[in-house]
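One chain, subunit A, links the two complexes that follow: it is found with subunit B in the first and with subunit C in the second.
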Partner chain A sequence: MNNLAIIETILRNRHRFFTEIRGGVELGQKMRAMLVSSMAFLALYGAVMGSTHSLWQALSSAAKLPLLFLATLVVCSPTLYFFNLIFGSDQSLTQNFALILTAITVTAVLLLSFAPIVLFFLLTTSHYQFFKLLNVGVFTVAGVVGVTFLSQGMRVVSASGKEGAQARRNVLRLWILIYAFVGSQMAWTLRPFIGAPSMKFELFRQLGGNFYANIFASIGEILGFFTVR
Partner chain B sequence: MTVDDVLARVRARLDLDAETERELLEELRDHLEDAVAAARARGLDEEKALAEAATRFGVEEVGRELQATHAGWGTADGVVAAALPVVCALALRWLVFAPDGTAVGWQEVLVRPAFWVVSLAALVVPLLKFPRWRYALVSWAFFWALSVIFFAWPALRW
Partner chain C sequence: MKDQQPSRVDQMLNLLVEEIEERMRVGKGPPPAAESLAVEAPIPPVVPQAEPVKSVEAVAEPEVEVVEPVEAVAGFEEMELEERWQPPAPAVSPKAARLMGRLALGLLVAIVLINIPLNRHGTTLATAMPDSAALIIRDGLVVKEEDDEEIYVLQDGKLRWISSLDAFEHFGFTWGDVHIVEDGFLDQFEKGTPLHVLLKCRDSPHIYRLEGGVKRWIVDIAAFEAEGHVWEDVQFVSCGHLRDLPDGETIPPGHGPPPQP
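Then we have the complex of A and B:
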């Protein structure tokens, strides 16, 4: 129940949660609870995504989606820490890590809440490109809300260090762009998560192309401009 | 001081969803009123009886304990409501489909009496026993029906 209590505190009383992170109150326990719950929710959402293709794809996506978020977290958190440090922040790397983990947890909870909707479309449509774009939309919404929490958390946690506050806000904005870019590239590297119906199951696809070109191609096919092979 | 005042002090220590808080405070009200009635039967006046009951319950401690025990229940409801139908529908899907995603032979599963007995028991027992899970189970039933319909008539999918 502890893991879920953390989520309830984040969603219901986020100011108290961020204040506790600022004070370093039970950081380890909080991070563990966030990690466990977010990884479980992401795994479930991954299983739904992969279920359009095959059981192996469902299992593979259930493992890869948490990995995607963890890897992005590990890759991006030192940048945020050091840039904040340069602009006068007194936060530790662990506090930064906890804040980013909060964003991931919120994203994971929202993805879980979208899972029944995505499942509904999985059952009722066989349109691969539509399903892919639906997931991109869901990830975008969940991700934006997640980074909004991160932004609010940063404001609360660094409230004591007024010096360089504006610069730190700009750093955070830039960092969020980098985070989104790294995340999408990581997702492209770890693909497939859904699995094209015309292709056999593969744990990883060959590198080539990029995330954005693929999404534009999917939109083009949905709108009837061309067919993606 | 009234029973409502004591309950307001307990409520100040709670940070739960409104429904859980209301249920807990109603239960606490019953206990408090019983304790007050017992104290009054011993000859104490209303004010002193309530003060004694409040002290015996330990308002701060009760609030803390209730918060610690019930924190996360609201979220648990939400998680169960979202996750349970999805997990069950996926389990059903992979029970019916072959691991490669083809649905050849799925009819065999549906004509096995054991499949229906176990499925119905799994659906009905929690529905009757756990009121908080009802929404999730109704939702599961919906996805289940949807799964069966679209397995049986794949042409209906758009």
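Then we have the complex of A and C:
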């Protein structure tokens, strides 16, 4: 299966795609295609983000951004699978994996579509905090659309097991929150992705602080309340 | 002619009935066949088909028993389709996939282009803009105003002037560390003591401070310590190199012409 054609199928005819996942049709091929295309897109977006600092940062972010999504997928998917199982789902782990991968693929496609805008701001503004918040915004939008796809997919794939459907929906909502928390903490652990302009290139930065406090500080600096030191 | 017309309409009606029956059999889930039909006929078939049914009634009076059930089914179908009709999925063409591929390729080219060094300092298009607004103010930050040659390093919240190229290299800075900021940006910082490099050659006991391209003789240990220097700042060079440097005022001033190394 063409790696890019599968994305077109997801975007244009998602109901058929999810029905095929439910039926277990070519799951391996689908997952491989989604994995290849989403990792390529994420790497490209990572490279755009890192280019604001240096070539090394661009290469590092190109490698780290796919890693971030993969690691979050690996960390979070067992929770969703086992909780669904408890509440009467008949999905397999592979189907679960494929659904989450669908969400990641949609997120990656949206990130790719945002990349020219981010590139434009990279070349026309040099405000680090603004650039950081711009990327947070882009990731938020892409992530929300991604998990919306996951939610729709779950509904289709679980359609056969009516028992505990409401409970599974609640589990999914809770899981999406966990996914967001794990993802943001993972991003914080793997930082820098953009690279502060006054600092030398570093593959990983020392741990300390947290994602949310940093975003709050960036907003504060942009609004002129204080300077991040 | 008149004989043939009802049979054609019959055929159409039969097809319609078959389709309706199939849809009713399948229930609410859209069958794959229905999807492909929807692709071919994107407008719901209910409205346009009302007319042919009427024309059948007008033309073929004796076949009322055939037409009436169809009308009934068509009415049912109308309700059914109104309930579950959704805009049909457009025919899948590889255009979006191709566009995505091209976008990815274009981005890759752009990333490579903006990361190509434009000068010997390694400045790239992506990092070419003055970046005062992008700076994180922290110790060790090396800055220079756009139209000023002086380079400063921020230490303990104070700007320390790096007095010479030798000092710049001695303290391990590189051109890649220097952040060019708008003129006047550094006015907000307090000035600290300058960063000097001290020069000495092995055949001479004298120590000189390199400052703005001239060497200034430090007359004694007391002056050395009073200026806040430490032995680690002393750099050994050849006596010839030291002699070639023009003389400046002694430290402290007023000690006459300095001795040559």
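Keep this in mind: the second predicted complex is superposed on the first by the 228 of 229 C-alpha atoms of A that agree within 3 Å, B and C clash if a C-alpha of one lies under 4 Å from a C-alpha of the other, contacts with A are read in each partner's own complex, and residues count from 1 in each chain.
One rule holds in what follows: a contact is a pair of C-beta atoms (placed from the backbone, for glycine too) under 8 Å apart; a residue touches a chain by one contact, two chains touch by 3 or more.
A quick note: this is a predicted structure, and the numbers were derived from the prediction, not measured.
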*When subunit B and subunit C are modelled together on subunit A, clash or fit*: clash
*asked:* Per the contact definition in the header, classify A:Ile7: touching subunit B only (first), subunit C only (second), both, or neither.
replied: both
*Touching partner for A:Val48 - first (subunit B), second (subunit C), both, neither*: both
*asked:* On the A-aligned overlay, A:Ala58 touches which partner chain: subunit B = first, subunit C = second, or both, or neither?
replied: both
*After lining up the shared chain so the two structures overlap, which partner does A:Tyr128 touch, if you call subunit B first and subunit C second: first, second, both or neither?*
second
*For A:His15, is the partner it touches subunit B (first), subunit C (second), both, or none of the two (neither)?*
second
*Taking the superposition as given, does A:Phe120 touch the first partner, subunit B, the second, subunit C, both, or neither?*
first
*Given the touch rule stated above, what does A:Met199 touch, subunit B (first), subunit C (second), both, or neither?*
second
*Figure out whether A:Ser38 sits in contact with subunit B (first) or subunit C (second), or with both, or with neither.*
neither
*Spot which of subunit B and subunit C makes contact with more residues of subunit A, would you?*
C
*Now that the structures are stacked on chain A, which of 26-34, 44-52 or 98-106 shows subunit B clashing with subunit C?*
98-106
*Where subunit A meets both subunit C and subunit B, residue numbers*: 2, 4-5, 7-9, 11-13, 41, 44, 47-48, 51, 53-55, 58, 112-113, 115-116, 119, 123, 125-127
*If you look only at subunit A, which of its residues touch subunit C in the complex?*
2, 4-5, 7-9, 11-13, 15-16, 40-41, 44, 47-48, 51-55, 58, 109, 112-113, 115-116, 119, 122-123, 125-129, 131, 196-200, 227-229
*asked:* Residue numbers of subunit B touching subunit A in their complex, please.
replied: 15, 17, 71-76, 78-79, 82-83, 85-87, 89-90, 93-94, 97, 99-101, 139, 143, 146-147, 150, 154, 156-158
*Interface residues, subunit C side, partner subunit A - complex*: 30, 32, 35, 89-90, 92, 94, 96-98, 100-101, 103-104, 107-108, 110-111, 114-115, 124-127, 129-131, 133-138, 141, 177, 179
*Can you check the complex and tell me which residues of subunit A touch subunit B?*
1-9, 11-13, 41, 44, 47-48, 51, 53-58, 112-113, 115-116, 119-120, 123-127, 201
